[in-house]
Amino acid sequence: MKKLINKAEDVVREELEGIELAHPDLVKVSYDPAYIVRADAPIKGKVGLVSGGGSGHEPMHGGFVGKGMLDAACPGAVFTSPTPDQMLEATKAVDGGAGVLHIVKNYTGDIMNFEMAADLARGEGIEVESVVVDDDVAVKDSTWTAGRRGVGLTVLMEKIVGAAAEEGRSLKECADLARKVNGQGRSMGMALTSCTVPHVGKPSFDLPEDEMEIGIGIHGEPGRTRMKVEPADKVTEMLLTPVVEDLPFKAGDEVLLFVNSMGGTPLIELYIIYRKAVHMLKEKGIKVTRHLIGPYITSLEMAGTSITLLKLDEDLTKLWDAPVKTAGMRWGI
Amino acid sequence: MAISRDDVVTWIKNYAQVINENNEMLTDLDREIGDADHGANMNRGFKAVMTKLPASEDKDIGTVLKSVAMTLLSTVGGAGGPLYSTIFMEAGKVIGPKMEIGLADWYTALQAAATGVANRGKALPNDKTMLDALYPAVDALKRAVDENLPIPEALQVSAEAAHAGMLATIPLVAHKGRASYLGERSAGHQDPGATSTFLLLDTAAKAWADC
Amino acid sequence: MKKLINKAEDVVREELEGIELAHPDLVKVSYDPAYIVRADAPIKGKVGLVSGGGSGHEPMHGGFVGKGMLDAACPGAVFTSPTPDQMLEATKAVDGGAGVLHIVKNYTGDIMNFEMAADLARGEGIEVESVVVDDDVAVKDSTWTAGRRGVGLTVLMEKIVGAAAEEGRSLKECADLARKVNGQGRSMGMALTSCTVPHVGKPSFDLPEDEMEIGIGIHGEPGRTRMKVEPADKVTEMLLTPVVEDLPFKAGDEVLLFVNSMGGTPLIELYIIYRKAVHMLKEKGIKVTRHLIGPYITSLEMAGTSITLLKLDEDLTKLWDAPVKTAGMRWGI
Amino acid sequence: MAISRDDVVTWIKNYAQVINENNEMLTDLDREIGDADHGANMNRGFKAVMTKLPASEDKDIGTVLKSVAMTLLSTVGGAGGPLYSTIFMEAGKVIGPKMEIGLADWYTALQAAATGVANRGKALPNDKTMLDALYPAVDALKRAVDENLPIPEALQVSAEAAHAGMLATIPLVAHKGRASYLGERSAGHQDPGATSTFLLLDTAAKAWADC
């Protein structure tokens, strides 16, 4: 394992120290329990947005705390859901009287921990709503499984709902908006290499030098199929086709196209994929009107990519364009 | 004979040790069908338990168990955190402020724990989860209570039942938790949570062999 | 070689296609010769800023074309200096009558090609000034070598001089400012892994599983020394100490601290390094008043980091804070 | 005897072929002390030359050489691009609109090329660059001209001199170009540019063996 870290058990704490030192204008950091909260929280009368999940997906979620996006993020151990006490304290710290929305990625651990936190927060008199993101079409969704995973769409949801909360929408409106985003967005990812969880010290899975894994999750969970590495254009097809067909996205749709790096895949390759994806969508009559390209929801140093499509309308587009000022996403201010 | 508060404390301490020793094995199982952290998660939690236990180990059994539950809840995370926390919390609630318990108490406590886990995680039998080790152990204890077995023997059969349940997860296709993403590919692998649950009951059987 | 590309020889062209599709609001793309130019170029009366270099360092330089930064960037083949015809056409495309500044990283190839381009542009009546960046303290600077390489400081120079050009400073003022930045900034980098140039197909160097290379360049050139991998704090010391001592940076200095990923090193590790660097600087009485953290000048998928320090004053700080709107760096607009 | 325009064209075409065959070898040399692209750069350039050559191959020698220079300038990049472009440009300028040249012309052309490269790159002898193959070849040609050697023999000795010069770069510490970053560590490796320059002169000797 080659990493620029000190002791494996100190990784998350030391990362938080770096974030605290770098962004005092944006965030405050609590260490016990661990959460990152907007420097100006709580904001009176504004719905508080809280998310969280295992660490190792940076900049998500801590890098998305700030004006126009999240009010707080709870980092778990690497790839491990955070705990209810973190979520409870974060919820209390951002409650400005208008209630708090939990954005929860659909993993058993995240669901259960956030559920317990929401119960505890309600017990303390805070109005809490939860929205679950489950956009990963690589996973079969049925009552017989834990359902689809929450992946790339989480980033877009946090931006869009963050803008809505910022402009003063109510808790119910924010929750409905988040569910609408979840209903209109789909993702799929792949990996060229595995990643290594620091405290584990060996790769989460083995991938031979000439193979790739299609339908990978963001925690090094194995994907749908393993096959020989294909050219970028072919890989783009393998990811985008199931994404388009699942919703389905249709001719005339306007979409946001998000090409994400799993961490180790450089920008030069993302643009090659973006190019092919736009060509494919154009052929289907789907118009890319907004985009996001870069490492936004990562799996440590894993090489690979994921593609997320979100169907836009006027409201979503306006909220996407609204100013945002966080460590990981910034425009308009 | 009975299981004393000190016996319970010993069981917890021994389990922390067992988890530490099996950290890598549990993580390896989780690598096959999950995200390679179950051992690390449990070990982080039970290390914290070892630090915090002294503050409550002179209290009653219910208090000891609930304090373990709270520690696990705030240190384990993932799916294992809430579920193991639930086991200790529900058992602690049922046992309450007792300083020693008999076999029937232990059975009722474990049954409450299993119900708690089922409520929290909504898994059914044969979904390839820790419940597949827990349920058979509870059933075995029930029979042991009915048959009035001595505590050591009863614990022995419950641990054996958990062991069989654990092994029985191997051919199963997972329907809950991270392993369910794999669909058919999850078959052929032993569930990590069922494994740590067997270890929990096995540690009890060994710790309370003279009760 | 595992990469999300199609044919190795198409990598740069397909990347340009992706950039053109993604950022029509920011840039126009020319393919033959290849350059990326601001959508609104040439801007009358504004000094034009042109840079360029081998591809594979994304987002640099193409990702820095836009308002408040570069007017044009010339991408060479991967890790290979671009050619004079590209630079000449880019220079012509951005000349708004106030002259054009070439920002050139100190590599023999870049220097020679930009020299020839400047001669050709002057021959066509365009006023051209060139500034060379050579901030890499890993390399001995003497008349007996090609001198220090241009690395991380390039990014900061492009931002700062870009802001100066945007506010209407003259060619001479911009060139002097660039030289001042070069005089006050120093960098050093290291690698945990090599990278693979697409058309070469094998790693640029071999680095055993337990070793790292200190003083690496941004083209997979070997560094100063190779040694066993050390913890992040130790690595930070090995990079930052020579950087501080070279200028030297002194107690009381206000600095911009730039912690860069070579591509494959994730953000979580950069924050750990940033944290240690701030601690070290604090101990020396040096105050970090601005920062940049992320993959801004990369070497394809190489894992590793570089640290750049730039001594700030009021003018440099103001120019750093000025609005910038490019694909790779954006704030204030 | 003399070197005709067609001989020059043959030389260039053969060199394109030689570069293609030695692409990997040159890149491997550059991997040791540079950035692993010298072969790829040269090959990209000479592939482009092969495409563009037909447009000028019926012109005079100076025009042919200058057109090669322009193609290399806009396709090779890196350090090699301007330097190899300079070789062909300066040689083309000196030769001018001739349809055939003698040994003295070739010597003057190569000497102008070497001076051009030195002006452009500011390297000195023994800086471990292509000049360390070029200078000895020029010197050898000078002697051959003085001694009135037949063209094939003269080219043979100049190629041999380039070869010796190329090998002599091995122990040198680089003072110019990317290899200079390595300091002492650059010693023990053969310079890639000196190698491609030897190949250039060697290809001439072989292409013009009957002149």
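What to note about this one:
Each chain gets a letter, A, B, C and D, in the order it is written, and its residues are counted from 1.
Keep this in mind: a contact is a pair of C-beta atoms (placed from the backbone, for glycine too) under 8 Å apart; a residue touches a chain by one contact, two chains touch by 3 or more.
Everything quoted here is computed from the prediction, not taken from an experiment.
Chains that touch both chain C and chain D: there are none. Relative to chain D, the most remote chain by averaged C-alpha coordinates is B. Centre-to-centre separation between chain B and chain C, using Cα means, comes to 55 Å. Centres computed as Cα averages put chain B at a distance of 76 Å from chain D.
Chain A and chain B have centres, each the mean of its CA atoms, that are 32 Å apart. Residues of chain D in contact with at least two other chains: none. The touch graph of these protein chains is an open line. Across the whole structure, chains are in contact as follows: A-B, A-C, C-D.
Residue ranges of chain B in contact with chain A, taken from their complex: 27, 31, 34-37, 40-41, 44, 73-83, 120-121, 175-178, 180-183, 185. Contact residues on chain A toward chain C in their complex (touch as defined above): 2-7, 11, 14-19, 21-22, 55-56, 58-59, 63, 192-193, 209, 212, 229, 231-233, 235, 263-275, 278, 288, 291, 293, 295, 298, 300-301, 303-305, 325, 327, 330-333.
Those residues of chain C whose C-beta lies close enough to touch chain D in the complex are 9, 33, 54, 76-86, 107-109, 112-113, 116, 138-140, 144-146, 149, 197, 199-200, 204-205, 217, 219-222.
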